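After this come two complexes, each holding chain A, first together with chain B and then together with chain C.
And then the complex of A and B:
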């Protein structure tokens, strides 16, 4: 048998799949998807060290070294206090909390508002919920990414959200994943935003304790005609946590989707964001901020695919790397032949605070249409010395002056975050990091 | 107040200041003039603590303390103020927020209580009048998109807010039209007292019609080659710098 990257991981996942087969394959449609995912993994393995899409982020190696992938049935108790500490202060939301991959109704809010229905994924699969069949492994595909395959193989829990047409959800939905053990969790969120509906979803994954943990979360988000969906991802996990996110979005006519990704901590984080503008008049906004220190490694891979005319996309990612941290940015823009009158903009700016910090940035534009406006730019530099001197020449201490400049650098991305408690959360972290 | 003895400084391998001697007492206005490249702006930057320059010799005593031993921020808190020739644009930082931080750090250094929002705004209103600067300008990002005149007025506004003991104006007249020049000079004059001192670095005599110096020093090749009263500036305006250069070369 040919040996692949991540062979030992795949062997364990196969065993686990066999052991839980009854539970995982109770729904025949999903069972089929899982079997295909397994086949894909067994045939192709995980991304190897030179795999183009993962060449700066060798997640396979990191997982082999740090995560056991053993089945973990041990129950760990988590207090209400633990859960609340990991939320965002002052943020009024519907909190949906999952502990070790299982939905926890005790810590979660009831979503009673009309126009929005929530179901844990396990229940949705049991009840043969139409959304589960429609979205599970449909927008993000096992065949396109090994970690999506891993997710589709094992994810039996997550958030199924359906926003009915013309409904405006009164407050954000906050999906909270908490991992307490030296183990891995795989969760899938399936979100359907009906025509002209409006919703904001926030996702945050945390690990309790110092043991290494791995979380693999997939979001499949379908945004119907005229709808407006916003998705926030707050990444501020422990120094020993590994995370991969796959967010796949399909947008219908005149819809708007906004992605806000804020990466603050973790051992290694990989974010794949893939937005397909499948009809005319779509708008997509991608905001990203990565503020890294220690040895944190954060990789943002984004794709926006303009498939039809008159759509607009705007991407702004900014990073500040301190200590020995590493940032990676890869932004792809595709403008298909039919996507005339496309406006697509991309900007990636980075500041390196030390000689040991690194960033790898790569914009990638592929344009087949001829009547389009596209621009991209990326910069990497150090903190502006002249600006620092100017502030210090007025009596401001160096640390404080640096903090002011970094706040200023990040300010346009932070303003785009819109939700004030999240802005305050990020601002406070910038301040505490720099004024230590 | 300020005593400079045999100050030498270089940037990279290039020697720029080759032994400056200068005494400034409270209440005095000193003008530093000289042709381009004579080291005027370097002197201003070295006194303010810009790290691009390496001090290779000499000493600077400010109110009994070793100025060269302090970082730029500490010098500012001790009462040294540099009005920049080219004020830096800093997007994302408002002048108001910047000034509030600066003032309170200076106050803390002096052992004074931080200004509350009301007192700060009151102080700001009062100083804004002095340089005829508009509130809307101060709410914007620091110097971003400001005209040359607005930037220089903002410098003098900051000086008015911080009330330094020693103000160093680096080519504050460059890029100013006659109205802006008048406003900026009025501001500087209004801030003069018997307890503080001003060093005006300028290429032209024009500014000295408005800010009248007690002493004029001519810098050439990194040294003060001639000192005199305000009439020296007029002489330079009339005769240019060539005769100074000749005198200086002859003396070597």
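And then the complex of A and C:
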């Protein structure tokens, strides 16, 4: 048998799948999907060191080295304080908390509002919820990414949210994953936003303790005609945690989707964001901020696929790399043949604070339609010396002046985060980092 | 304005102007590629043993390599055993002066617009002409040699200056660099060699003209330019090929070395046969070009106008090793009909205070695909590196595509790197404005495209700039509306 990258991981995952087959394949539709995902993994392996999409982020190697992938059944108790501490202060939301990949109703809020229904993925699969069949491994496909396949093989828990047509959810839904074991969790969130509905979802993954952990979360979000969905992703995990996120969105006519990704800490974080503008008049906004120190490695891969005319997309990603951190950005804009009158903008700006920090960026445009306005810009540099001098000439200490300028650099992304408690949370972290 | 009109009229009825063949008696190697062929080529050229071994080493490396597939181009695979690797216009003996050159050959070059005769003195260009695989004539040799400049065909250089060739060959593009470079290293038949000694400023433009004439042949030329301390040279390269139904292969290697304070300017107008309107035939242009700024304060500048070839795969690069060295890349790539181009540059910043500038203008029309692929790499020790890249794409018609793949890898905090790219079409308002003033649509497009590419065309030497403008108009002829 041919050996692939990550063979040892795949062997362990197959074993685990066999061991809990009964539980994982209770629903025949999902069972099929899982089997296909397994076949894909066995036949193709995990991304190897030279795979173009994972060129700068050798997640396979990092996982082989740090994560055991053993089945772990021990239970660890988590206190209410631990959970609260990992939430965002002052943010009024429906909190849905999962501990080690299992839904915890004790710490979670009940979603009672009309127009929104929540059920844990395991229950949705049991009850044969139509959404589970409709979205599971549909927008993000096992065949396109090995980590999606891994997720589809093992994810038995997650959030299934259905927002019915014309309803506006009064407060954000906060999905919280807490990992306490030195192993891996796989979760899938399936979100359907009905026509003209409005919703904001926030996701945050945390690890308790210093043991290395791995979380693999997939979001499949379907946005119907005229709907408006916002998704926040806050990544401020421990120094030893590995994380991969796949967010796949499909947008229908005149809908709007906003993604806000804030990466602050972790050992290695990979974000795949894939937005398909499948009908006319769609709008997509992607904001990203990565503020890294230590040896943190954050890789943001985004794709916005303009498939139909008159759509608009705007992407702004900014990064500040300190110490030995590494920031990777790859933004793809596709404009298909039919997508005339497309407007697509992309901007990526990076600041390197030390010579040990690295940035690898690849803004990529692929255009097959002629009546379009597309542009991308990308800069990498250091703080403006003149601005620094100006501030210092006015008696402001160098550290303070730098902090002011870095705040200013990050401010336009932070301003795009519309929820004030999240803004305050990010600002506080920047301030504490800069004061160090 | 009348100029532009004239250009368009001139080309309206024409497809590919240089698409004729001349019956030159050719001395050819049998089809196919194996070690015997390499022995054959090497023997033909009366090469020293070390060069034969160098070729064989490259061939053995090539056999183990796989053809790269990462480029954004699609083409039927080349059957490397179905090609002729050596074809030389037959001559009875080596010509001593131009008078002895085959008159038919000279007529060929007259038709190409390259006069090999000393009339060129007026325009001040020294020409080395390579037909099929062999350099046929070099002009102005004596004038140049007075200054100590060596400008001759590669095979001549192997005979007369073996120590220089041995010292520099393959030091910028090693045999193992990539699939096509390895192939070229194994079978290259001729090319140009240029050596500028210390402190000499080459008084005229040096130029090589390449032409593929015989059928079924691949052209594999190799150019090596060595600029010693404080020297300067401007080098031009032009290419044409006859119109043929089958695809022909062109896999060249260009190496440039610039020592301390040296400056090399390399300009290309590439006009290989692009295939007909239905994408039949045309040249596969798989070229490896690389320059190294070895010494401090050195500078290498690439300017290219790419209008021909069915498939282009070409990334002229600069390795900025010396402190304060500079690299530049100016490119206009035009694709029409079923042409595909994947071209760009690499700027590798190693030395301190290195600067690079990239200006790439892509124009795609018809069913063509035009990609910019580039890399800017700032190594850890390259403090105060500076790069500015601009890649613009212009789309004409809704069947073509424009793609940008820039890689930017920075490991030094003092680097300042900027990249911007835009994609758009010619504005209706711009055309309307021209039409209002009595300029017809086609001339308006030619005018706008020329304006769009001006920044790059301005970098070309005078004679080439005129030719390049005409080529632009010719390539885009009929793609409006």
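In the analysis below, the second predicted complex is superposed on the first by the 436 of 436 C-alpha atoms of A that agree within 3 Å, B and C clash if a C-alpha of one lies under 4 Å from a C-alpha of the other, contacts with A are read in each partner's own complex, and residues count from 1 in each chain.
What we mean here is this: a contact is a pair of C-beta atoms (placed from the backbone, for glycine too) under 8 Å apart; a residue touches a chain by one contact, two chains touch by 3 or more.
Fair warning: this is a prediction, and the values are worked out from it, not measured in the lab.
Overlay on chain A: chain B and chain C fit together in the combined arrangement.
In the superposed model, A:393 makes contact with chain B only, not with chain C. Aligning the two complexes via chain A yields an angle of 70° at the C-alpha centre of chain A, spanning the centres of chain B and chain C, rounded to a multiple of 10. Contact with neither chain B nor chain C is seen for A:46 once the two complexes are overlaid on the shared chain. Of the two partners chain B and chain C, it is C that touches the larger number of chain A residues.
Within the superposed three-chain model, A:371 lies in touch with chain C and out of touch with chain B [touch as defined at top].
In the superposition on chain A, A:24 contacts neither chain B nor chain C. Of the two partner chains placed by the overlay, only chain C lies in contact with A:362; chain B stays clear of it.
In the superposition on chain A, A:135 contacts neither chain B nor chain C. Once the two complexes are overlaid on the shared chain, A:382 sits against chain C while remaining clear of chain B.
Between chain B and chain C in the chain A overlay, the least Cα distance found is 13 Å. Across the superposed pair, chain B and chain C touch chain A at no common residue.
Within the complex, the chain A residues that touch chain B are 384-387, 389-398, 400-401, 404-405, 407-409, 411-412. Across the complex, chain C meets chain A through its residues 70, 380, 383, 393, 395-425.
Chain B meets chain A in the complex at residues 48-52, 71-73, 75-77, 81-82, 84, 87-88, 90-93, 97-99, 101-102, 105-106, 109, 141, 158, 162.
Within the complex formed with chain C, the residues of chain A that make contact are 52, 337, 340, 350, 352-355, 357-382.
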